[in-house]
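Shown next, in structure tokens, is the structure this report addresses.
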Amino acid sequence: MSRAPAALSVDDVTALIDESFPQIHAGGRALYIESVADRQARVRLTFSDRLARPGGTISGPAMFTLADFSIYAALIATLGAPAIPAVTTNLNITFLRRPEPRDLVAVTTIIRLGRRLAYAQVELTSDGEEDVVAHATGSYALPAVGSGT
Amino acid sequence: MSRAPAALSVDDVTALIDESFPQIHAGGRALYIESVADRQARVRLTFSDRLARPGGTISGPAMFTLADFSIYAALIATLGAPAIPAVTTNLNITFLRRPEPRDLVAVTTIIRLGRRLAYAQVELTSDGEEDVVAHATGSYALPAVGSGT
Amino acid sequence: MSRAPAALSVDDVTALIDESFPQIHAGGRALYIESVADRQARVRLTFSDRLARPGGTISGPAMFTLADFSIYAALIATLGAPAIPAVTTNLNITFLRRPEPRDLVAVTTIIRLGRRLAYAQVELTSDGEEDVVAHATGSYALPAVGSGT
Amino acid sequence: MSRAPAALSVDDVTALIDESFPQIHAGGRALYIESVADRQARVRLTFSDRLARPGGTISGPAMFTLADFSIYAALIATLGAPAIPAVTTNLNITFLRRPEPRDLVAVTTIIRLGRRLAYAQVELTSDGEEDVVAHATGSYALPAVGSGT
């Protein structure tokens, strides 16, 4: 899997998304892009009581949001600003273990980057742990950006 | 498909979920159970700027939350309080059209209700429209409640 | 859901698919289109030892084949010969019960029929039974046939 | 990801599956387990006209069968004979490119191996190529074999 540098830096990707989707951080910023590479991104969801569920675990919608956001970050990092209009067409998430009440980390790998469609997978782990707590795959419709085949 | 009455009324299901998951309504109540029947539920997500995205559409995570919640409501309506500990094990959502900036309605049908596992499908439409804007299927692990096979 | 007549009859759909994909019936015909309507198809998989698995059940790949074929039949019935080049882009199948060793029936409903993409769901039951043994959703890329939006 | 040796060798896994599911090879053997490791398997589907589709590509059901079989092989390699009764509960496959008319290779990684449930992902490539032609995830119900958590 490629480890070539991304087209954009973490700061650039963060700034682009913040500017385009300020609503994502309504209620306080919880999603932080930690690193990007070509077709890859690593994103942290910081734990807070807002995301907690009884038994000290994390809500499913919060994990969905993290998975979806991390794929989007990998697309922007790889394709740059032209990918901002990309939209999710499918997201399939399987919850494998109850995460502990701490930060979650999502590692996204784009498996297929075509001209009009991208497909990626995401592994979610609790910060500092190896066990995958949730696994997602996502498909995205891309605007015509002239990259890929 | 069964149209037998649910075990619980809309008010009972709403009260049970509110009591067990007060965090769901953090930031203001947006999810309203409109009707329930045996293995079925209809839930409304009221539109607000918080859920909007550029172009006047609704965020993917908000649609995921609605789909997940509506399946959960159908489970509680059908099985009652013993189903409160049910957890989502998989949710697969396909986004078919950009919804307009108005309320969304989710109609859930439970397709399989076993002793330990339930499986359901959900159709999401914009209020007053027929076209499905998103379709989801979900699997849930049930606590041992002695109903179904 | 629409019950308008399909563009083509059962015999027309069967003849078109047989002509385009003779390989489907290699080893003997097992798939029979029973009825079609606008955006709908009902297809039977006849049971034989070839499809059996230990315990007297039916193989997963046979159920996948039935689900995929029935969506394809609904597309051809609705769009006619121009849809022959349609290709499956995703198929998600959940196995809910072990089917008995008898014919399986698939009922497909196309939920979204756009210009370039179709999305459908399929319920598989054992012949004469009501319980769903498997449920699938599928996405298909359509050639430009000028139908739908 | 673990590269520890599997519990069983390629020959042992092949013999166990052949003995339990002789029907898999009806019509001639096309599936060959090439290597196994702890929670991993690599399986080849040899190309033949039987699997071909117009345009010189490979049928979707053949790719489903390969994905499903390769996960099953990884389970048997890791858990041994007690896993023989494992059954597929869900398989989600996304077709990313049309494969060329040559052998396909599936590489499976088991992401979660619990006591009662396993979850895996599979990448399918054309022999000798890097591009993924299809990607699948699968869930399997395990008999109680006392391994994992």
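Observations
Should a chain be cited, it is by its letter among A, B, C and D, assigned in written order, with residues numbered from 1 in that chain.
One rule holds in what follows: a contact is a pair of C-beta atoms (placed from the backbone, for glycine too) under 8 Å apart; a residue touches a chain by one contact, two chains touch by 3 or more.
Source: prediction; values computed, not measured.
Using the contact threshold fixed earlier, the set of chains in contact with both chain B and chain C is A, D. Comparing the CA-atom centres of all chains against that of chain A, the greatest distance is found for C. With centres taken as mean Cα positions, chain B sits 24 Å from chain A. One simple way to say how far apart two chains are is to compare their mean CA positions; for chain B and chain D this gives 34 Å.
For the pair chain A and chain D, the distance between mean C-alpha positions equals 28 Å. Annotation for chain D: residues touching 2 or more other chains are 90, 92, 94, 139. In the complex of the two chains, the chain B residues touching chain D come out as 90, 92, 139.
The residues of chain D lying in touch with chain A in their complex are 92, 94, 96-97, 111-112, 114, 119, 121, 123, 131-132, 135, 137, 139. The touching residues of chain D, when paired with chain C in their complex, are 20-21, 23, 26-27, 49-50, 52-54, 59-61, 64-65, 68, 87-95, 98.
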